[in-house]
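One chain, chain A, links the two complexes that follow: it is found with chain B in the first and with chain C in the second.
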Partner chain A sequence: MPAREGTYGLLAEFDTPSDLVRAAQQARHDGWRRMDCYTPYPVEEAAEAIGFHRNKVPLVTLVGGLMGLAAMFLLETWISVLAYPLNIAGRPTYSWPAFIVPAYEWTILFAGLSAAFGMLALNGLPALYHPLFNAPNFRDGATTDKFFLCLEALDPKFNLVEARAYLESFAPVSVVEVEY
Partner chain B sequence: MPTSELKDNPMLDPATGEYRVIAQGQTFKSITVKIAGIVLTPDTPLGWFALFGVGGAGATMLLVAVTWLFLKGTGIWGVTQPVAWGFAIINFVWWIGIGHAGTLISAILLLFKQGWRNSINRFAEAMTIFAVVCAGMFPLIHVGRPWLAYWMLPYPSTMNVWPQFRSPLMWDVFAVSTYATISVVFWYIGMVPDFGTMRDRSQNKVAQYLYGLASLGWRGSVRHWVRYETASLLLAGLATPLVLSVHTVISFDFAVAILPGWHTTIFPPYFVAGAIYSGFAMVLTLAIPLRKFYHLEALVTERHIDNMGKVMLATGFIVAYGYAMEVFMAWYSASHWEAFMMWNRMFGPMGWAYGVLITCNLAIPLTTLWSRKLRTSIPFMFFISIVVNTGMWFERFVIVVTSLYRDFLPSSWGTYRATKWDYMIYVGTLGLFTALFLLFVRFLPMIPMSEIRMMLPGAKIGHKITPKATAEAGD
Partner chain C sequence: MAHETYAKTLPADLGAPAFVDDWKTRALMIGAVFSVIAAGLAFADGSIEHVLRAWLLGLMMTFGFSVGGLAMLMVQYCSGGKWGLLLRRPLEAMSRTLPLVFVYWLVIVIWMKKLYLWAQIDGSKAEDVAAALKSGLINEVQAHAIEFKRPMLQPDMFVTVGLFCFLVWAFYTWRLNRLGLERDKDSPENTPMWIKKFENISGPGIIVYAITMSAAVIYWVMSLDPTWYSSVYGLLFLVGQGYMVLALGIIVAVSLSKGEPFKTILRQTEQHDLGKFAFAFVMLNIYLAFGQFLIIWSGNLPDEIPWYLDRIRGHWGIVITLDFIFHWLIPFTLLLSRDIKRNKKRLVWVCQWMVFARAFDLFWLIEPNFKDAARNLHFSWGILEYVAVPAAMVSFWVAFYCTRLKTRPLVQTNDPHVAEILEAEHAHA
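Entry: the complex of A and B
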């Protein structure tokens, strides 16, 4: 995260997921784009409300899995045929059915690691710092029982006074300004 | 079910007559306080220290026995000709099998959208990892020169020697190492949001710092959650064929040999079912004391115990089918050696072990688990879990030893007797497992808070929400 100064955004706190989803849908409808919701558990409706659809995790996983499959099968073939051919009871050196098992395991290994680390990378994690943690009420609620909507200052519609009034119209528990 | 019982027992759901997955009256806050509180309290219960002392003593004994093993070699064990595979393989298969239930609960039941699994999946996964730790040790220490175990990996060495990929023992290396890696990754990724909760609820600077690092800066953005849920589902989808392949590959270690009693195609499914059977038994062995000790009756309810009993009943019958098929094939194959092996397994000098196996795996559980009353009786289910764990250990004992000690040539017959070092290492791994599990319970959230929150009534989005056509407020 580049060092910035000033306001990161305005954070509205809600008590229930329904209030959050209603506010997020309305904000999206009214043209807000740079915003995000923060919830203590996955709320799919909130992701839909802010128009988040592009999820590349499956693609990353598929590519990882295919790489694992190819890597292991080629390694086994190269070892058994070229690098160190062994005569095991007259079996052909290219005994591909026997190579399937390790290649299968590495498909799963690479796909699993790609899914996990790909998900983290796409999320921009690990992150040692994020301005939201400066909000006094964020850490009390976001990972326990509160639901947050953040309108970010980078949105062209953002104006501190107007955005605050806009968020207040959803009757949130509170609206706080978040500094970088 | 009589209606009076429905009214009297608040744990029963009047709509279905089933036990509730989560007791009534729980909120986002209450479950968070409850689960995080177990870890964040500065007061460690005395009972924890007592049990950790027992587990630690076992782990120390393991260390002593393994040290002596490394100094003297595998000659200190009871293995010899003709029984060259003894406790090490029995314990390896037993421990790996126990681990499989954790993956089944976390992965397969997730794919089947079995919400009740949420309460038990975290500690079932922890059980998997610690069981794999115990299991993985045995192949490493039984190779004779464990400091050369890395020769099993394909790496460019100055000796220009490469592994032999046509051997199931080589497949084992990849199956078990992949299983261990994926289990750890799945477990850790599952804990990341909960680490965020721990970071935010902790009052202690050191704990905040450590949980903060472990949480990777998790802040609960819904964009993150969507990717996170996808990754979890994909990991579950990958772990499912993985868990089936691991015990299949382990059964190949036996099935590709030509020994009577091993050389059979029933082994892969029968090993996998047995693994799940013993694994669920171990989950019960752990869950029943945990819910009592930490007062988690509202989160790990009779419903969980009941459902696990049903899974055990089903997998127990698959195991029973496996036993029946072995006997049938011994006759139907018309092979003298197969028939003798089965006769010897049942009535030979070690026939008592087969008796224990049939009693513990079939006679006791498969007759009683039909009863819902017994399946929801906590003391009885604890008893059954111990019985099945014992039975499944004896199954591996019977498979390994009875095929080996009397094979084709009577002049090469022998017997098998485990030494004190065998017992010390086996009991030692039980101690290590206990100690690791207690550390997990003390320092990590043992029930996934974010997944439990999803199941609470408050998590439902009330009604279909449509944005107002015109923006009235704000701008």
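Entry: the complex of A and C
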């Protein structure tokens, strides 16, 4: 864990997602790695621009869904065939068409819960504190109409003066230094 | 604003690229080859019985593309969205293939008596039904159903309802297509008026489409078995048409993007959106199909269940299992993947598969209606007509569709979405 003091990074503010994406692409191209984009809605190009990588949430969701499917289908089979075999209108006890709907519902339920909790487990949320909220323009704009690129101090290339000059070359609305 | 500098501009020539003519030539050649094969098979089989059954399948495919395209055109006018602008002209072109579908339908009208049991017996006379029952042509259940449905199931009504439906579809096709061109000629200040106008035509049009399309499929396909009925039948075909029209729309849009103007306007975002939309139809389709099955299976009533037994027993179980895999499992699992939806080549493969799966589903719906095939899946030269005839009909339809595509610019210019679709992706939420 790095010491939680000093500069967290430099935060550049943009008015449009296109400007943000251009800046992020250029920064990645110029060798920056410890950086992040913050947008009021998902901008996939921004994620790709800073080296989007795959996570395990889809896998967790798939496994969860299959577990839900298997659990309910087996539960229904166990109930109808072994535990309480009832004669319902002369149908076989193993009447799979009737099992489909609950099994399907459980697939959705388990997949949904796995996706939500898997996402939380893998992305570190909920986080009680993030240094970026120290910047007033971030607090006001990040969830409404502003687009931010943050170059983090952890990047080996980071130098307060040069990084500021570098960000200003993208003609952002502002560049502010963010403290831990 | 800064990001306008990143926007692309529309090419000067918005007409269909020249390679559409190559598609047409290829489609005509494939159509000719399959026509010869179909004729050869009919000769080997010694009857045109299966040609007509397969013709009905080809009619339902092309009818789905044409009238389903019209319906999707109306949906996108009501819903708005950049995917709608992208597909607007391809969908308009689909709707303008209606004359060919009408010609295909006339063949069914001419040979109605070979296809439809109720047409072989003049339902308007009670003694004819009794005579047919006595001669063993129909059984008691069928006699009862034909008697009961007498006002509906007779040749005159078949033709009247069909003609009426074609008139309605032709009206909407003509109106929407004509106004589409007028809108482009008008000045951009009037665009809000045009948007409203198209909404006002399309909204009621979707309801009219749902009713007329249900009537048509009930006459053309469901009445092959006069005893059976299902209230979700029209909706099943409606969803099926959405399924195949979106698949075809994606194929057309991606294939057109090898040249201008689609090279400029097809963005990955809209392609992804269309993939998601197609996925929704895959889900809705199995939802309705399985829902109908579950209800009839649960009820297990003697006037409903034979329809399914005809389609499950006697090796048809293999076909329905494959149908489930082809029609739902494969598109569902593939379209779940984000990468496939965003990959042009793979998405087109999935969509081509979906068009095939729809035809396979129609085979399962149509063939077991006939006495020789119900609960008895067996090989004859005739059954291969289900490949040859629809392949030829759809190929000729594609050739005709290519000529329709060429008749007007491929992008509607008088629309606020044009500016947005030219911007870099995700410039707007």
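Quick notes on this structure:
Keep this in mind: the second predicted complex is superposed on the first by the 164 of 180 C-alpha atoms of A that agree within 3 Å, B and C clash if a C-alpha of one lies under 4 Å from a C-alpha of the other, contacts with A are read in each partner's own complex, and residues count from 1 in each chain.
Just so it is clear, a contact is a pair of C-beta atoms (placed from the backbone, for glycine too) under 8 Å apart; a residue touches a chain by one contact, two chains touch by 3 or more.
Small disclaimer: the values here were computed from a predicted structure and weren't measured.
After superposition onto chain A, partners chain B and chain C are found to clash with each other. Shared-chain residue A:P17: touches chain B and chain C both. Of the two partner chains, chain B is the only one touched by A:L132; chain C is not. Residue contacts after overlaying the shared chain place A:M67 against neither chain B nor chain C.
Of the two partner chains, chain B and chain C are each touched by A:A98.
By the touch criterion defined above, A:A163 reaches chain B but does not reach chain C. In the superposition on chain A, the chain among chain B and chain C reaching more residues of chain A is B.
When both complexes are overlaid on chain A, the residue A:H29 reaches chain B alone and has no touch with chain C. In the superposed pair of complexes, A:G112 makes contact with chain B only, with no contact to chain C. In the superposed three-chain arrangement, chain C is struck by just one stretch of chain B from 73-81, 181-189 or 307-315, namely 307-315.
Judged by the document's definition of touching, chain A residues 16-18, 21-22, 40-46, 91, 98, 101 lie at the interface with chain B and also at the interface with chain C. Only residues 27-29, 32, 154, 160-166, 168, 170-171, 174-175, 178, 181-182, 185-186, 189, 193, 196-197, 199-201, 216-231, 234-235, 238-239, 241-242, 245, 249, 252, 449-451, 453-454, 458-463, 465-468, 471-475 of chain B touch chain A when the two sit together in their complex. Against chain C, in their complex, chain A makes its touches with residues 15-19, 21-22, 40-46, 89, 91, 97-98, 100-101, 171. Contacts from chain A toward chain B in the complex involve residues 16-18, 21-22, 25-26, 28-30, 36-47, 50, 52, 55, 57-58, 61, 65, 72, 75-76, 79-80, 83-84, 86, 88, 91, 95, 98-99, 101-102, 104-106, 108-109, 111-113, 115-116, 118-120, 122-123, 125-130, 132-133, 138-140, 142-145, 157, 162-163, 165-167, 169-170. Those residues of chain C lying in contact with chain A across their complex are 1-3, 6, 290, 293-294, 297-298, 300, 423-427, 429.
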